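Step one of this worksheet: look at the structure below.
Residue numbering begins at 1 within each chain, and the chains themselves are lettered A, B, C, D and E in the order written.
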Amino acid sequence: MKVSSVIGLVVAIAGLFLGATMEGSNPMAILNPSAMLIVLGGTLGAVIMGTSFDSIKAIPKLYMKAFNSEPPDLNAKVVELVGYAESARRDGLLALDEVTATIEDPYTKKGLQLVVDGTDPDLVADILEAENDAMRKRHAAAVQPFDKAGGYAPTMGIIGTVFGLVHVLSNLSQPETLGPSISAAFIATLLGISTANIVYLPIAARLKQLSQEELHFRSMTLEGILAIQAGDNPRVVQEKLTAYIPPSERLTEEEAAEAAKAQKEAA
Amino acid sequence: MKVSSVIGLVVAIAGLFLGATMEGSNPMAILNPSAMLIVLGGTLGAVIMGTSFDSIKAIPKLYMKAFNSEPPDLNAKVVELVGYAESARRDGLLALDEVTATIEDPYTKKGLQLVVDGTDPDLVADILEAENDAMRKRHAAAVQPFDKAGGYAPTMGIIGTVFGLVHVLSNLSQPETLGPSISAAFIATLLGISTANIVYLPIAARLKQLSQEELHFRSMTLEGILAIQAGDNPRVVQEKLTAYIPPSERLTEEEAAEAAKAQKEAA
Amino acid sequence: MKVSSVIGLVVAIAGLFLGATMEGSNPMAILNPSAMLIVLGGTLGAVIMGTSFDSIKAIPKLYMKAFNSEPPDLNAKVVELVGYAESARRDGLLALDEVTATIEDPYTKKGLQLVVDGTDPDLVADILEAENDAMRKRHAAAVQPFDKAGGYAPTMGIIGTVFGLVHVLSNLSQPETLGPSISAAFIATLLGISTANIVYLPIAARLKQLSQEELHFRSMTLEGILAIQAGDNPRVVQEKLTAYIPPSERLTEEEAAEAAKAQKEAA
Amino acid sequence: MKVSSVIGLVVAIAGLFLGATMEGSNPMAILNPSAMLIVLGGTLGAVIMGTSFDSIKAIPKLYMKAFNSEPPDLNAKVVELVGYAESARRDGLLALDEVTATIEDPYTKKGLQLVVDGTDPDLVADILEAENDAMRKRHAAAVQPFDKAGGYAPTMGIIGTVFGLVHVLSNLSQPETLGPSISAAFIATLLGISTANIVYLPIAARLKQLSQEELHFRSMTLEGILAIQAGDNPRVVQEKLTAYIPPSERLTEEEAAEAAKAQKEAA
Amino acid sequence: MKVSSVIGLVVAIAGLFLGATMEGSNPMAILNPSAMLIVLGGTLGAVIMGTSFDSIKAIPKLYMKAFNSEPPDLNAKVVELVGYAESARRDGLLALDEVTATIEDPYTKKGLQLVVDGTDPDLVADILEAENDAMRKRHAAAVQPFDKAGGYAPTMGIIGTVFGLVHVLSNLSQPETLGPSISAAFIATLLGISTANIVYLPIAARLKQLSQEELHFRSMTLEGILAIQAGDNPRVVQEKLTAYIPPSERLTEEEAAEAAKAQKEAA
């Protein structure tokens, strides 16, 4: 997954540059300073106005995230949670106390800690769902600047082009510069549409997808934690959690047994 | 159904090609290499960036699915489920154990297995609904690349055309090539709109419809399984399930009796 | 209501034809064979691809429905249901058995039959709501081809026009045919926008409205059937059901009494 | 509020007319008969087709409503309902019987009548919510023709313009009439966009806002009636209802006391 | 946060002005009186028509809010509420009576007052949720004029431009003024798109974000008040409320302890 966003960016830019070059255009013409001022500056300003400074400061981190993050490993999590369910059945919920300290994922850790502390099941669900809900809102807020930029950039491009055309049309005395001037005016449109469709919108789509994957992962984890607290049979826990995994990616019984064995050895 | 998508594609392409030819155009002009690089490359790149590599790899399979899948047979499923309800009423839920092993549809099989295992009805509903919910999300994610491509392709076409126009306008010295150059620039727009409206968007619509049909089929199956577990009268089961079938496709009483008889003989 | 859709179509077409003729245009120019091939063929093909063949076969029937159907008579239904409530109060629910056989509306019939059979109230509600839900989905699916056609037609028109322009611009040697050729190219756009806005989209809107009216009618019927089963006082039944009727269309007390009398005589 | 819609219309039309006149245009040019036939006729026809005749007949009444209606007085209603709560607490629910006959607002009247009749609280809530729900649907249906007209008008304008351009371009023999002919063709676009944005869409927005205000008013009334039936302390009733009023419009304690006194005297 | 909206506005305007100046345009050309009449007057009028006069009068206050408001301090609120939870656990709910009088935030004050008065927990939740719901609706209504203006402004710009073009084209006798006249006509489009994308839409986005932040803040406060009333352990209250804070902004245990100490000293 890690590589796919980079490949996507390379494919898109290569397609556009090669195609434009074959047409005889110079794709570097897009790097026109006045068009860049209008389109990039206008978009940035409109986005800052409409969100907060914090959202803007988070952008570089989100870029890295869009290009870097691995999909969560649902199968490993099922094996892990079924393992906890077995311990809990065998030795009681308190037996999880020791294990909890070693869990890395803060969400699972918080959930099991609450279970070990003997918190009421409804309260555990409430607290963990509040975490998920807050994360969902946080992610939605983080995608906003990209979504908004994808909306503003083409309009800023049009503003730049119309500005140019207004200027050209009000000075028709030198017809020989007419073509190049109109041509220059259209660079702004080109820049606005290109940045929106090759940068802002695909990144927004990617971040939304990452958010959904993480929420799905967390829903599964929550279901598992509640099942452990309810003292469900480990087989039932497995049955419940497997529903969250696409059939084509589900482990066979042997693979699952092997993974469970590997986990026990690691513990 | 199987054939209809192919017919649709043929009708659309025939309409466009014949119409364009009658106008005197050469519809093959659309296969311009620079336009194809910009439009197909740009769209592919933007889609890869915004989704994951896995989604891209699933595309050929989804194409086949869009052109191949049969609508689920609701009537047959009702007859099947009413049959199980009768066995369960007559011989108890455990009598279904033997039958369960021979069921092909994994969803019905999983559901009845849970029932036979004596799982709590709420838990059966939870697990099967989680399956449906996960399937719905999976399908929605699978449609995304087509939906997104349908959005990106026309804009990539416009980018290609504006690139071309910028190039043409900045070199007005040879007026005799002006027309053909502008003409060539518009090929990109043509390619972008055509692929979006004849390929990407109709396929996205088709996949969404297939997903809805499957979810409807599964909701009916779930309702039936829960009714069997609750020990409902087979007539009530039939009444409940028939509500899921469009009135015009419902079997008459005789057809239903015949179908039930045929199923018993097959068993 | 029946006539209104026809009047709408006549008004729209008359407006456009008269207006175009006054402008000096020949509105028949829109019946250009190549434009029709591209726009009608392309739209039809894209719609077939994205839905199923069954949906396409249902189109002529839906056309008739859009132009023909009467609004459901809410007041008559209230009088009818209050009448059943009175019989049920007076002679018990079983007294409805005889009446049920004579009811024409299959939905009311099914509902009362379930009540007479002594089905559990929750189950009656479940079955009748499942019917409504299935009808809602069925209607939504039926509107799809018109909605989609309304979206595809203008783009097919633009494809036809750009095809034409590409052809014209690549052959500028005969400037005297330039105007008429461009003019012909725009016919496709004209045809696409016109069919979408005068045929497809208004019919889709009409079918959606009919669907809402029928669902509203059925919700009222369902509420009445459940109230009858619960043994509600006929006055309360009337109070409950009247809420579904717009105040301006509600019967006065005298009209209601008269209608009730007329119904009893008819029975 | 009453005057604001009229002021809005005057401001919009004055802005456009003065601006166009300053540019040197004759804003009356928009009253071109062929453009009006195409745009107004086409829009009217498409709207009639897509809704019902009743909806069309209701339009003049809705125009008056958009320009005339007063915002509901939330504070007065709170004082009124708290007054009923006090009577009910002091003298029992039956004491409201006499008062109920004098209430003008049919919704409050119906609600209190149900309370006085000793109807079950859940049933009171059901019936009053059904009223609100039906009103919400009715309002949504009433806004439809304006919303739809706002969508059709610009497209009808484009149809008129393209018709004109097709005509102009196919007869290029008299170049001196080219400008005026194209100019005339654009009148249709102008008319379509202007009517949509200055008439149809603002009225649709206004009606939606009126509907929301009325629903908010009714939700508050419903909450108050249920609180009275539940025998809530008048202070709690006031606390509950005040939440529905924007803080900046809430009465101070003195104003509330004065209003309550005035109401008692009036009674 | 306070400064960010101002910075955004400056960046956007600077980008556009510098870019346009570099292109050789005079960005002040946008201040064309006739274009301003059409675009600003038309937009203002359409907005007034579609909302109420009160909404219009609230606009300057909302501008200030968009440029001025601080994000709510979630951490401080958690410390405050946990402090109340401790008092309540130690000295009983009535001990909060004294504290309540000194609370500045009216929402927290109202909530705790209800708790101290011994109101039923469900009723407390109902009243406070009604407050939030009413605030949400109020905020949504407040954003409307900006959202609507962002939609009307570009269309008013197009109306202005088409008006201009109609005028120019109908008087082609003086070809030397053709360019400047068309140029002037496009100023209206420029003004419409610019005001929409640099003023109206970003401010609407900002107000929506502020509304969401405030609702999130209030949901947390409500959760805390209900937990205090339920007599939850202060640690559980903290656990519950921390879920509302983004992990990166959560206080460490020491910071939280210090903040709690500081609060006690202040009291």
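For this structure, a couple of remarks:
Operating definition for what follows: contacts are C-beta pairs under 8 Å (C-beta built on N, C-alpha and C of every residue); 3 or more make two chains touch, one makes a residue touch a chain.
Small disclaimer: the values here were computed from a predicted structure and weren't measured.
Each step here moves to a touching chain, and the least such steps from chain B to chain E number 2. Superposition of chain B on chain D using C-alpha atoms only gives a rotation of 145 degrees, nearest 5.
Look at where the CA atoms of chain B average out and do the same for chain C: the two points lie 25 Å apart. Chain C and chain E have centres, each the mean of its CA atoms, that are 41 Å apart.
Shared contact sites, meaning residues of chain D that touch two or more other chains, fall at 184. Here chain E touches chain A in the complex through residues 1, 3-5, 7-16, 18-20, 22-27, 29, 71, 178-180, 182-184, 186-187, 189-190, 193-194, 196-198, 201-206, 209, 212, 216, 223, 236, 239-240, 243-247, going by the rule given at the top. Note for the complex: chain E touches chain D at residues 33-42, 44-54, 56, 106, 114, 119, 123, 126-127, 130-131, 134, 137-138, 141, 144, 148, 152, 155-156, 158-160, 162-172, 184-185, 188.
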